[in-house]
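Here come two complexes built around subunit A, the first alongside subunit B, the second alongside subunit C.
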Partner chain A sequence: MKNLKIGIVIFVLIAFLASFAAVAQEKQEKLTLGALLIMSGPLASFGETEYNAVNLAKEHLNEAGGPQGKELVVDLVDSTTNPSNLRDATKKLVNVKKVPAIVGPNIRSDVVVSITAPNHVVTISPTNTPEWVTRLDDDDYNFRTTVSDKIQGQILGKLAWERGFKTASSIYVNDPYGGPLSNIACDTFEELGGECMAEVAYNPGKASYKMELLMASRGNPDVLIMPAYVEDGITIIREAIAGEYFDQFLFTDGMFAQKIADETGDVLNDMYGTSPGTSESPSYNLYHEAFRGKYGHEPKAGFSEQAYDAAIVIGLAMAASDPDAYEEDPGKAIRDNLRSVANPPGEKVTAGAESIKKALELIEAGEDINYEGAAGSVDFDENGDVISGILIWKIEDGKIKTVRTEIPERE
Partner chain B sequence: MIGPLVNGIILGSIITLGAIGVTLVADILNFFNFAHGAIFTLGAYFTYLYLNILPDMGSMFSLSFGGSMLIAIVLSMASTSVVVLFFDKIIFRTLRQRDASSLFLALTSLGLVFVMKATISMIWGPQVHYYGSIQSAIKFPLGIRVKPDEFFIVAASLILVLVTYLFLKYTRLGKAMRATSDNVVLAQASGVGTEKIVTWTWIMSASLAALGGTLYGIEVQIRPTMGWSFLIPMFVAVIVGGVGSFGGALVGGMIIGISEELITSLLQDMFLKLNIRVVMSAYKPAIAFVLIIFVLLVRPHGIFGRKGG
Partner chain C sequence: MLSYIASYLVMASIYGIIALALNFQWGFSGLMNFGIGASYMLGAYSAALLSSAPTAEHLGGFGVPFPLDLVGAAIIPGFIAFLIGFPALKLKGGPFAIATLAIHEIIYLIVHNEMWLTNGVWGIRDISRPLYSQMPQQYDFFYLLIAGGMLIGFYFFFQKAVRSPWGRVIRGIKVDEDMALMSGKYAWSYKMQSFVLGSAIAGIAGGLFVHYTGFVSPTNFTPLMATFIVWLMVMVGGSGNNRGVLVGTFFVWGVWTGSEFLTDFFPGSMETRAGFMRMFLMGIILLIVIITRPQGIFGKEKIIPKYLRSE
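So, the complex of A and B:
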């Protein structure tokens, strides 16, 4: 009798699990794209906007019939800004959700690539700008749709000089993003004839940065250069104004969010900043039109163009993959097809629902395509890097506005 | 030199408000309440909530806020007390009735920290909030810069500390509380109702924490983790001053506040002159710990502590 009971329990369990397997089997008909973005903490405003952009890309691909004629779904995991959470989140996407490609991470590609590359998972970061990302040992699985900080730093230094400042100091976030960016900007500023009086590192998440401001303001420099993150940056600005340490600031992409103006009042009017991106391409306009159409407002933080581009090229590479090769190793298939859909030669396609539809049709017909993204031309070099413009932005009447794009020369 | 001293007094007065609550609970309820930092945070968020509901009444004098802030503070003190009493009713009272040891009460309060922190994050989000706009500092001689708000912070703290002191010293209830802390059995035998004392201990502790949290929010900003990082200085202040000692909490709070600011800035100056690039403010908690070791070596029961207390 007891054996019978156990038998029934085992049977029920097996039936239960089998039904799950059936569901899982059905899921195979969909293609999954991972999104590893910062949804909480000092950079959450970016993650939120980028997730909107990824969903817009998903919609455009699915409206056009989907890659390989299948529906694309997005699996989002919050990476936070903490490296150990980032590692866990990555493992979840790779080992549990088993996604072949990820839009992300926002920061610390080094942490992520050590997990994704050996597992043949493609990562395309929309935001991770440091120069060292180029040199990561990633078996060519890591890409980015944003431009290296080497270029942003140079343009930031140049901007400081152009704005008429003779002396400057910087307070930068103490991580692999802030330090190099501050160094490159200061080097460029000094080459042009300016003087960098102090470069002060800060640790994120603290309540007060008076000490850092005290150090940076020695000798009364004209301007404070801030390669910082939004929430900490707001604290620094508020304390700088209250204590009269600084009244002129220059920002980088980490501060490229409407929130900095909203939380500080009108003291930031006429302050400038830089960010990877472009503002003067048909693709950019088509993307923004679509974004406004779906969400009813402009993107609230920078880098949503890059996130859109990353999701689109992954979708296009899925479409361009040989079905058998994709079945066998989806990540590798995507990796091997990314350059063929994003780089020349081929017919140029842009952002936007109609254009993506055309792109999928061309791929179906066996034609070569060259995706020209919302953030730039998205032509990956052998390191998975792109060369595109740096946006100069400013705050005017409490609103962030883009001023112009600087296109760097290829070295 | 004087600048950091002023900053230290401001910080110290906020620490004192928290430390008095910790010391009251430690003395009368006989456990270290780790949730005090979370209560501190909750108070700050309640003020933020009421500030958004109440009509804007402009600002008083040259402060960055006005009458609505004062009303919000009072409402926040009341709401925080209600929440804390609720937790006492469902958790701490049950444990007391089962004669749980003070270790278990302390561990329970540690668990409560995570519940409260997560709830605050869920309701108000993980991002930083501010009560009001930026306020410029007034410049005094010797390079001292003080914001008008900071006068309010120190004044409000000192007044509340004084009121609490007078309450404990002269009212019937205050005397009963002190009697209970001295000897529970004797106090009960003299007709002091224990549950009533417990209730009032929580109310005072929560109200002072709510005010402390709000003042800290005025000085810098509010975020879900603010109280957690304040817990170390509050506990250190209590231990340095002597557990259960009211004057100890005041002196301990000021010592911690001033020494953290003063020592970090002195060390920072030294490193700058030696051309060593270190940001000393990251080591503030370390200074609190060095101080606690030093004081306990000299006076094992704290400055105003009683033997065996």
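So, the complex of A and C:
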């Protein structure tokens, strides 16, 4: 009897391991691109929109014949917001799926890079904004298509001052994203002459944020700055309105989702926010046109432009790689070609199916190209960072609209 | 692929050590400890802080080398369990479980918010990984030797411990505390010893964890991933049976890891829901086990002294 039980357990284990192996054998003739995005938890609405954008990029590349004339496929893994799961998900992409390049992660590049860089896998994060990502020891395998928090924080502080507020408080999500944004925004606001009365950290997922609102509203500041996430942010806004703590808010990219207006009614009309990105480039418009065409609606959350750009530059770098070098070490080949397709010099190409087709033709003809992305010009510096604009958005008649783009000064 | 299996086995070994520690507390001593994740977290942070280089971001800079800081990772959670034991061990059964759950949450919030001590939500990076630079690509295999070796060591340690005269008293207290008292055994002291020992060993597992990942942050220790899943391993394997717990650990962690691969077979529209499906699967396993085999796959082991066996 006991042996039977042990037998059953061993059998189930072997069945699982065998299913690993079966999965690992597939997909030889195609080029694979990993997508390591948050599909569950408090940031899931971002992951889903970004995944749509990556799929759109895949479609554009494949319609143009695919990089190296092969079909590109996307392997999605849910990274979740838990670093242990993030490690496992990364290992799956690196060791089992053996992808040469990954769009992601959304957060915690440090965890991922310790696995990807030694294995020569390129990572391009569309969202991971903290300043320390620049300094990671990544052997040049880690890139991002979004700008550092430092830049957004400064623009946010400036926006608060320009909107005519004299005093402000912030409630920020207590994590590596919210803290620095709040600090930098407050510093900039005070430099301009405003006064930051309180900076209150909140822990996500709570049922009520009365305590935080009470602390932040002490002294009656004009506006509440909210580097927060959508789900918690909605709770905070509802309680702030109901308890009459605040009626003016300023948001960041973590709140850049249509859901916040949908779930709070018209109290948020004429509220402003920031997000890395740009609004006025032809590339941005072409991308949005294509996105509407495929999905029938605007992207529901921010950062989908960055995700699209990340997938496109990987595809273009695959195309630009020497086939022998790619065969030998695909990750290294992509890394070495990323800057040549994304940075000047070269003929400028934009987002959108037609221009990607043109880009692949130019690469085929041996010409140099310079991809100008939907989220910015996507010119990688020596750390793999980009400098691009910060988008100012507002809510008008219950709909999120983009207002203008601030181009930060280079330091 | 092999490297992925190795990394599965490393994590399973680390969870195995915690599961053995919990099994000792629950399966043999009857302490329903829902704060086992706190000991795991404390051990992880102790090892991280003891071995880290000096930095302005958090406490640290002690520079204790690898195997030695595991001793610290055992002593600190053990000592804290000792302090917690005074109020908590006045309770039994369910109330004890709720008390330890609350303590788990308190410790989690302290780690989450005390920037000077733990660097808060930012976590601690660049924790030394023994001999990592020699073999960055084969590291999983090397670490499997360490973690697997420790797991086997602790297995034999616990097997010996519960069969010793001391272990006999512990098991006796679980069955009938008054009887143990009547026999002149001070039950409270034995329960405290079991509580501290289990917590210390869960702490060692935490130390092993941080030296493997090189990184730690409070979100590693959510109740699901630090406490609930360990309980599941013990319940599935069979509480009070060390061998069963080992099988339960490898099974539960195998399903958890393997369920990630099931998501490959989902149709496109389901793909984005995969994360929730995995948690759902964990719940189903627990339900099936509780309904069909409440004693676990193996059930409780009868421990009969050699001289009583009829041979």
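Everything that follows uses one rule, which is that the second predicted complex is superposed on the first by the 385 of 411 C-alpha atoms of A that agree within 3 Å, B and C clash if a C-alpha of one lies under 4 Å from a C-alpha of the other, contacts with A are read in each partner's own complex, and residues count from 1 in each chain.
Quick note on the criterion: a residue touches a chain if its C-beta (ideal position, glycine included) is under 8 Å from a C-beta of that chain, and two chains touch if they have at least 3 such contacts.
None of these values were measured; they are calculated from a predicted model.
*Asks:* For A:N203, is the partner it touches subunit B (first), subunit C (second), both, or none of the two (neither)?
*Replies:* Touch partners of A:N203: subunit B and subunit C.
*Asks:* Which partner chains sit in contact with A:T81 here, subunit B, subunit C, both or neither? Use first/second/both/neither.
*Replies:* Once the two structures are laid over each other on A, A:T81 reaches subunit C alone.
*Asks:* Is it subunit B or subunit C that touches the larger share of residues in subunit A?
*Replies:* Answer, by number of touched residues of subunit A: C.
*Asks:* Check whether A:A365 is in contact with subunit B, with subunit C, with both or with neither, and answer first, second, both or neither.
*Replies:* It touches nothing on subunit B or subunit C.
*Asks:* Contacts for A:D110 in the overlay, against subunit B (first) and subunit C (second): which applies, first, second, both or neither?
*Replies:* second
*Asks:* Is A:S40 touching the first partner subunit B, the second partner subunit C, both, or neither of them?
*Replies:* So A:S40 meets both subunit B and subunit C here.
*Asks:* Using the touch definition from the top, say if A:V96 reaches subunit B (first), subunit C (second), both or neither.
*Replies:* second
*Asks:* Using the superposition on A, tell me which residues of subunit A are in contact with subunit B and, in the other complex, with subunit C.
*Replies:* Subunit A residues touching both partners: 40-41, 44, 174, 201, 203.
*Asks:* Inside the complex, what are the residues of subunit C that reach subunit A?
*Replies:* Listed in rising order, the residues are 1, 3-5, 7, 11, 109, 112-113, 120-123, 125, 136-137, 213-215, 217, 219-220, 222, 225, 247, 250-251, 254-255, 257-258, 260-264, 271-276, 297-298.
*Asks:* Applying the document's contact rule, which stretches of subunit B touch subunit A when the two form their complex?
*Replies:* Per the stated touch rule, the residues are 7, 126-128, 130, 133-137, 139, 145, 147, 216, 220-221, 223, 225-226, 229, 264-265, 268, 272, 277, 279-282.
*Asks:* Show me the residue ranges of subunit A that touch subunit B in the complex, using the header's touch definition.
*Replies:* Counting only subunit A, the residues touching subunit B are 40-41, 44, 174, 200-203, 205-212, 214-215, 218, 231, 234-235, 238, 241-244, 263-265, 267.
*Asks:* Using the touch rule from the top, collect the residues of subunit A that touch subunit C in their complex.
*Replies:* It is residues 2, 5-6, 9, 12-13, 16-17, 19-21, 23-24, 39-41, 44, 47-48, 51, 76-78, 80-85, 87-89, 91-92, 95-96, 110-111, 114, 118-119, 174-176, 179, 201, 203 of subunit A that touch subunit C.
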